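Look for chain A in each of the two complexes below; its partner is chain B in the first and chain C in the second.
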Partner chain A sequence: MTSLVTASNVSKRYGDVRAVDNVSFEIEKGRIMGLIGPNGAGKTTLLKAVLGLTDFDGQLSVLGLDPFRQRKQLMQNISFIADVAVLPRWIKVTQLLDFMESTHPNFSRKRAEELLSRTKVRKDAKVRELSKGMVTQLHLSIITAIDAKLLVLDEPTLGLDIIFRKEFYGNLLSDYFDGERTILITTHQVEEIENLLTDIMFINEGRILLDSSMESLPENFVELTTSGEDADKARRLGPIHERDVFGKKVMTFEGVDREHLARLGEAHTPSVADLFVAKVKGAAA
Partner chain B sequence: MIAHQLALVRRELWEHRSIFITPAAVGLVVTLLVITAYVAASGFGGHVDIAIITAQNVGETERRAALMAFLAGITSVFILAAGILTIFYCLDTLYAERKDKSILFWRSLPVTDAETVISKLLTAAFAIPLITFAAIVVAHLVNLVVSSIFVSIEGGSAARLIWGSVPIFDVWTFFLVLLIATPLWLSPFIGWFLFVSAWTKRSPLLTAFLPLLIVPMLEYFILRTTYLWEAIITRTGSLPLFRIADVSVFDEDSLRDMTADSVSLLAIVDIFKFISHPGFWIGLVVCGLFTTAAIYVRRYRDES
Partner chain C sequence: MDPKWNEDVPIYRQLRDRVVAMILEGVLGDGDALPSVRNVAAEYRLNPLTVLKGYQELVDEGLVEKKRGRGMFVNDGARLQLLKDERRRFIEKEWPQVVATIERLGLDTAELLEQVTQKSDAGDKND
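Here is the complex of A and B:
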């Protein structure tokens, strides 16, 4: 496996605030990495560093390039969607295709037109005439038509309704992802992308709380629903988080044997959202 | 590289439709005014006839000069409009992309900040003047046709009075040179406006013009000197593109000896004087510094 992104001790401060604090991680080729964190956790800053949009301390290599200093070469092989609103509102769809064709060496107009023909986006329309969902479809079609090694999505479905969100991720998987390409995605709505991720990374207050593949989550994390005496026994095993659900205790354990826990109640693998809460609250406690 | 720049400049022209609309509107208004003037003048039938008979009788030189003045008058409106257009374009171009956040999309493409800012500089310094020039040529032709129709209706010979006399290529070459030289001479302002556009958080117009007044005032109050003010006045108030007028041409003898061929706008242009003027090169350097600053601001400022 080759790693596409390698970060070691990456930090970024704004005045006294450490937006990203000494972060190290790797993303391997062919993975879909979800970067999960609350607002202001440092997600966007970290993505900006990866995209060469901001300077930082520490070492960061993206596709073997220094993102800040070799941004032009980097952008030939990376595509990104920052937010749904960023396509210029005055541009016509055909103008956008013309512009992409003349500035992006890895853009296939044919592919973009093929993808767009499946949507309701008219080619002579201006972006300002399209609905928010259609703008996202347009943006995704453009981005998908770039033969990029890494796709970075920062809250790509913000403000879209559920139908468009489902469709967006469906198209992303069927049209873009082929096992060779790599995706780095951030979102609040973890539940919706949980099933498509191969890796997750939790970030809070600029620090990484968890960096794991999805398949190794069940080995490391167990959520136990229990009550009464068993709850006391379980508590002695050191749960990272505990909450009450309908009079029962739900505890999240890290690195505790599942078989052992199963004797004390109902053991299962936590959802990413629950695990995230457990890690954030656990780190704060 | 060149194809890249052309694509970027083309994008500017897509976004800023006013680069086409402004000269088109000016051309329309000017032509309507000229037509109105002709129609109004027709009311004084007798006088007009006399004017045309006189025109047929006066020399080639006077007719040439009159037509030249007519075309120059039309052109001056276009140049004034292009100047205002350029100021607004420069102040808007790097500001609007930050306001509507489309900068995030542009920066997701393999185009450097330097390439982008330079495309905006090229649009201001070359594309706007050249499009304005094209509009001027069209307006000249249209207004000469309108004049020909009017002269013909009144019984004059348009072929001789208009087309035989108008120094059209002299006028066009002159204004083409002027339209290329003026933005180069005023390039420090273009650079400054682009920098303000990339840098300011609000109100680019005020941010651009207030320092042009306040900084020279501070210089005067603190240092008791007026170098900056003089530099601004000299830059905006003069263009070293012309030969120093030789007063003797206005002597009666010289005027009498003047031939039609000597009625030439191009004759007063001195390109060598212009490009060998230190002010020309200093201006380009100042423009380069401000443009570099604009590139750095776009490159390094974190828009979050």
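Here is the complex of A and C:
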């Protein structure tokens, strides 16, 4: 497989704060990677580095380019929705399409119009007349009408209601993703995207806590619900995290044989959200 | 709108089971097209590879056929094949348990059979 993004020892400091701290990872072509972390974890800074919007220490190659030095070339094959996705409020939808057509070589106006025709966004409307959900639809229509090799979405559904959120990911899968393109999404609402990801990274305090394919999570992580003597036995196997639920102990294990654990209680694969908590608290302990 | 996924069974497996149930119930008949991978992925917000993997199971079991560029179609006789499998499973796995229960409770088999026949006769008349 070909790697589309390769980061080695990437760091970014703001004064004394290490927003991104010695991070290395790869994203392969055709994958949907979820970058999961709380606010202030370094997600946006890392994305900025990938997009060439900030300088950094270390090595980073995106589509074979150095994002900071070759940003112009990079931008032709990459598209991006920021978490502070702002479109000028005075601009008309048609003017926005004119602008995109004149500035972006890989933008298809026909495609954008086709996508927009399925929404309630009228072409003669101004951005300020649109609801937040409609602005996001407009944004997605424009962004997915760019024939890009990498699409970066930073909290794309923040502030949207559940219907728009579901529609957003549904449209992304039906209109954009074709198995060739690659998507990098950040979110802190992991439940709504976990089943559409192929890969997942956890980031906290600038560091990567987990970098795994979704497929291999069940092999590596087990959540065990147990109590009494079995709980003591399980604890000796070194859980990365333990919590109390209704008088029972729920322990998360990494790299411990599932069958062995199943003899000590009920063994499940943890949800991504629970796993995230376990990894973050486990790393702090 | 959203299916409830069982966390302990891989989603691709649950998709496979759903299609099998649809074939058994006759919702999908011989030669019918399966919903496209893209549609299922979008509808349930699943990775397309997950959907493809579920469909591939059905192909491997000989229930579904992939036609290039056109999608997946239910094979002729898929329902009969599934029924055969289900019947065999019932005879081998469930029936011995039923027999054991009948014996344990000392039920009269002739009487039981009569009841079943009466019921299906009544059912026939209603058809």
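One rule holds in what follows: the second predicted complex is superposed on the first by the 283 of 285 C-alpha atoms of A that agree within 3 Å, B and C clash if a C-alpha of one lies under 4 Å from a C-alpha of the other, contacts with A are read in each partner's own complex, and residues count from 1 in each chain.
Methods note: contacts are C-beta pairs under 8 Å (C-beta built on N, C-alpha and C of every residue); 3 or more make two chains touch, one makes a residue touch a chain.
Only a predicted model underlies this, so the values are computations on that prediction, with no experimental measurement involved.
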{"item": "Contacts of A:103 with chain B and chain C, given as first, second, both or neither", "value": "first"}
{"item": "Per-residue touch tally on chain A - higher for chain B or for chain C", "value": "B"}
{"item": "Partner chain in contact with A:15 - chain B first, chain C second, else both or neither", "value": "neither"}
{"item": "First, second, both or neither for A:197, with chain B first and chain C second", "value": "second"}
{"item": "First (chain B), second (chain C), both or neither touched by A:247", "value": "neither"}
{"item": "Touching partner for A:177 - first (chain B), second (chain C), both, neither", "value": "second"}
{"item": "Contacts of A:269 with chain B and chain C, given as first, second, both or neither", "value": "second"}
{"item": "First (chain B), second (chain C), both or neither touched by A:48", "value": "first"}
{"item": "Residues of chain B that touch chain A when the two form their complex", "value": "3-4, 6-8, 10-11, 14-15, 97, 100-112, 300, 302, 304"}
{"item": "Footprint of chain C on chain A - complex, ascending", "value": "32, 166, 169-171, 173-174, 177, 179, 192-193, 195-198, 214, 218, 268-269, 271"}
{"item": "Chain A to chain B touching residues, read off their complex", "value": "14, 44-45, 48, 51, 53-55, 71-73, 75-76, 78-83, 85-92, 95, 98-100, 102-105"}
{"item": "Touch list for chain C against partner chain A, complex", "value": "1, 5, 7-8, 10-11, 38-39, 41-50"}
